[in-house]
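Each of the next two complexes has chain A plus one other chain: chain B in the first, chain C in the second.
Let's turn to the complex of A and B:
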């Protein structure tokens, strides 16, 4: 496939390490041909987040959702084995599942009545005549399954690529950060009730960049900090602002994370005065349990640090004032869909769950005190690219001249773009 | 005392006008000190705000801060302010099984459509609203406003940066 982007010695990006300059072509955000190539070379080859195991805990549980632009059923069969199948009838193609989630023994295609079990096996159809006896017994009329499904710490990933390396190899260094999320519970994390399904009139890569961008915090989110200042007890009283500088790490295969001190309350185990003395006892106990399970150093890291985790190409886990799992996908070059959830320890104390869900919305979500302003910035970028072809390049150089990158640098975005470039130029 | 639909409508229209005219600091004064302003998840209008992830879950403090935030130039999503229009209809005063109104808490149900226009795009929010009003002088205050989005997702609006 020919990709209509300027191509140089570094591929489609300019990765000038000698001069510490990193440039990305703006046309990568606007071109339908680039998006078509991304579907082929990224969304059809990488591992993609599909679900959390807690959403489908029992045999015959199912979810239907779009993953990487394709309509899937993610389900457990009657034996409880996890599978992912294309939500399209093997007969004439109608979607056989129209509910978002549930529990069922059968998916019945509403068009002609072809019927499948939760493992995708074709089990019956209404006609007595017209097919040879063994027509349906060869397995060729089952729902088509995706190439591979695998789970890491209850995060369910799929890939459409039969030749994909294993999930664990793919995740590379980001497993350390997923572990820190999964280790927040002694018995297992869960997706809580409710979700945020929204959209942005912007290219999907803009949201990836934005989701772990410390540099924009004070300008884009000035009103969020105003809100915290106006809220009694929103900050920990002994907070050391120096810890906000944090660190930024490239975790391989396009994954990256930033990690930094949290001035605000964290329901995993960092109390702030806003939660009152009663809340303090509960949160102190959580912290003690965490220390007993993970040791002092790791427990403190889990409790007191924020993490924004980017998992290539389109999963973000932000472990900040609450814990969000956010995935997004392009609909067209200038429009993306987002699905986001609140993740929590399944054994969480009701008071802490209440803080968590309240906290989540002070920053995150389509009506939070911050996310709508992110949407605005991304849409302003997308509209700014209407000026093409004149200003051609975005600059992502910040921190490139430094040995170490902090939260306000842009190493995490360079990690993404280098992997993007590698896959697109392949 | 029994309240008429007209009295309640006058109040609801007044609230809508304050929102549409971006008089958010006056808007927040319509709420009681123990007020809540909620937009529950689209799949469960009756969800519990203490356990489920809502779209909006404001107590009076956060409602006040939301109102103040929207007056600032740094509330980027609403700078310049979008153009708003609330249409309110199907107003019903909800009575108990004996057909009686509450004397203090007055539940009111209504439907509304909110149009938000900015940068040549108009987004539409179709809502079923449940309010609990309390008498205040010869008018009311709002103790609870639960805005149920009559939609299965927040696509294509993408955000609720306005007051519904």
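Let's turn to the complex of A and C:
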């Protein structure tokens, strides 16, 4: 596929380590041909986040959703084994499942009634003539499965690439960060009921960059910080602002994270005065349990640090004042649909769950105090690209001259773009 | 329940929309009691919205009026780019049904539709809602509002002025 981007010695990006300058072409955000190539070379080759196991806990549970641009049925069969099938009938192609989620023994295609079990096996059809006896027993009329499905700590990933390396190899260094999320529960994390769906007139890579961008916090979210400052007890009283500098790490294969001190309450185990003395007793107990389970150092890291985690190419886990799992669908080069959920320990104390959901809604989501401002910025970038038609480049150099990068640097974005470039230039 | 209180309740709900359309935030807030719950549940599956704001996801949830005051504080900072410029909005409410409560409150069910226009783009939300209307020494007040947004693929932003 020919990609309409200028190509140089570094591929489609300019990765000038000698001069600490890193540039990416703006056309990569606006060109439909680039998106088509991304579908082929990124979304069809990488492992993609599909679901959280808690969404389909029981045998015959299913969800249907788009993953990397294709509608899938993600289900457990009668034995409880996880699978993912393309949502298209093996007869003449109709979408077999139109419900978002549920529990069923059979998917019946609405067109001619071909019927499949939750493992995708074709089990019956209504006509009694017209097919040889063994026609359906060869397995060729089953729903087509994706190439591979695998799970890491209850995060369910799929790939359309039969030659993909194992999920654990693919995840590389980001497993450390997924572990920190999964370890927040003694028995297992769960997606809480309900989700947020929102759209923006912006390219998907803008969302990825923004989701772990510390640099924009004080400008884009000035209004949120003003609000917190004006709210009694929203910050911990002994907070050390020096911890905000944090760190930024490249975790391999395009994955990256930032990690930094959290001034605000964290329902996992960091109390703030806003939650009252009763809340304090509950949260202190959570912290004690966490220390018993994970040791002092890791427990303190889990409790007191924020993490924004990018898992290439389609998963963001933001472990901030609440814990959000965010994925998205690029509909076209300049338009994106986002799905976001709140993730929580399934055994969570009701008072703490209340703090969590309150925190979530306060900052996150299309009616929160931060997400709409992010969306507005991403739309402004997308619009800005139209105003200068000659080849232009975005600058992602911040921190490149330093040995260590903090949360306000841009190493996480360079990690993303280097992997993007590697796959696109391949 | 007399027609009089029903008519006054409808006038209050219509007035709420007008306050929002005129961006008269202080007047809008004053229509609510201090303990008013304001809730926009999230969708769970095709036909079901979440039913517990404490444990499940919502789009907006405040247990009392202070949360609405926070939102107005934020709008008044005029630094939230998502609300600059504020959209021109048009609130419409209709199909009232009344459900008298044993404690003297009146629950009013209605259908609503709000158009927003900003930077040449039209957005709209529509749905059903319940207002809990309470007679107080200070006249009728809104003691609770639950808003079901039927079109929940949200373009960019949803705020109290757009629903």
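Of note:
The rule we apply is simple: the second predicted complex is superposed on the first by the 424 of 426 C-alpha atoms of A that agree within 3 Å, B and C clash if a C-alpha of one lies under 4 Å from a C-alpha of the other, contacts with A are read in each partner's own complex, and residues count from 1 in each chain.
Basically, a residue touches a chain if its C-beta (ideal position, glycine included) is under 8 Å from a C-beta of that chain, and two chains touch if they have at least 3 such contacts.
As the structure is a computational prediction, the values presented were derived from the model and not from experiment.
For the composite obtained by superposing both complexes on chain A, the positions of chain B and chain C are in clash. In the superposed model, A:375 makes contact with both chain B and chain C. In the superposition on chain A, A:16 contacts neither chain B nor chain C.
Of the two partner chains placed by the overlay, neither chain B nor chain C lies in contact with A:71.
Of the two partner chains, neither chain B nor chain C is touched by A:33. In the overlay built on the shared chain, the residue A:99 is in contact with chain C alone; chain B does not reach it. Judged by the touch definition given at the top, the superposed model places A:198 against both chain B and chain C. Touch criterion not met for A:179: it reaches neither chain B nor chain C.
When the shared chain is aligned, chain B and chain C each come close enough to touch A:354.
When both complexes are aligned on chain A by C-alpha atoms, chain A residues 100, 192-201, 220, 222-223, 226-227, 230-231, 337, 341-342, 350, 353-354, 357-358, 360-361, 365-367, 369, 372-373, 375-377, 379 touch chain B in the first and chain C in the second. Those residues of chain B lying in contact with chain A across their complex are 39-44, 47, 49-57, 61-62, 65-66, 68-69, 72, 74-78, 119, 121, 152-161. Those residues of chain A lying in contact with chain C across their complex are 99-102, 192-201, 220, 222-224, 226-227, 230-231, 337, 341-342, 350, 353-354, 357-358, 360-361, 365-367, 369, 372-373, 375-377, 379-380. Contact residues of chain A toward chain B in the complex are 100, 192-201, 220, 222-223, 226-227, 230-231, 337, 341-342, 350, 353-354, 357-358, 360-362, 365-367, 369, 371-373, 375-377, 379, 383.
Across the complex, chain C meets chain A through its residues 40-46, 49-50, 53-61, 70, 73-74, 77, 79-83, 152-159.
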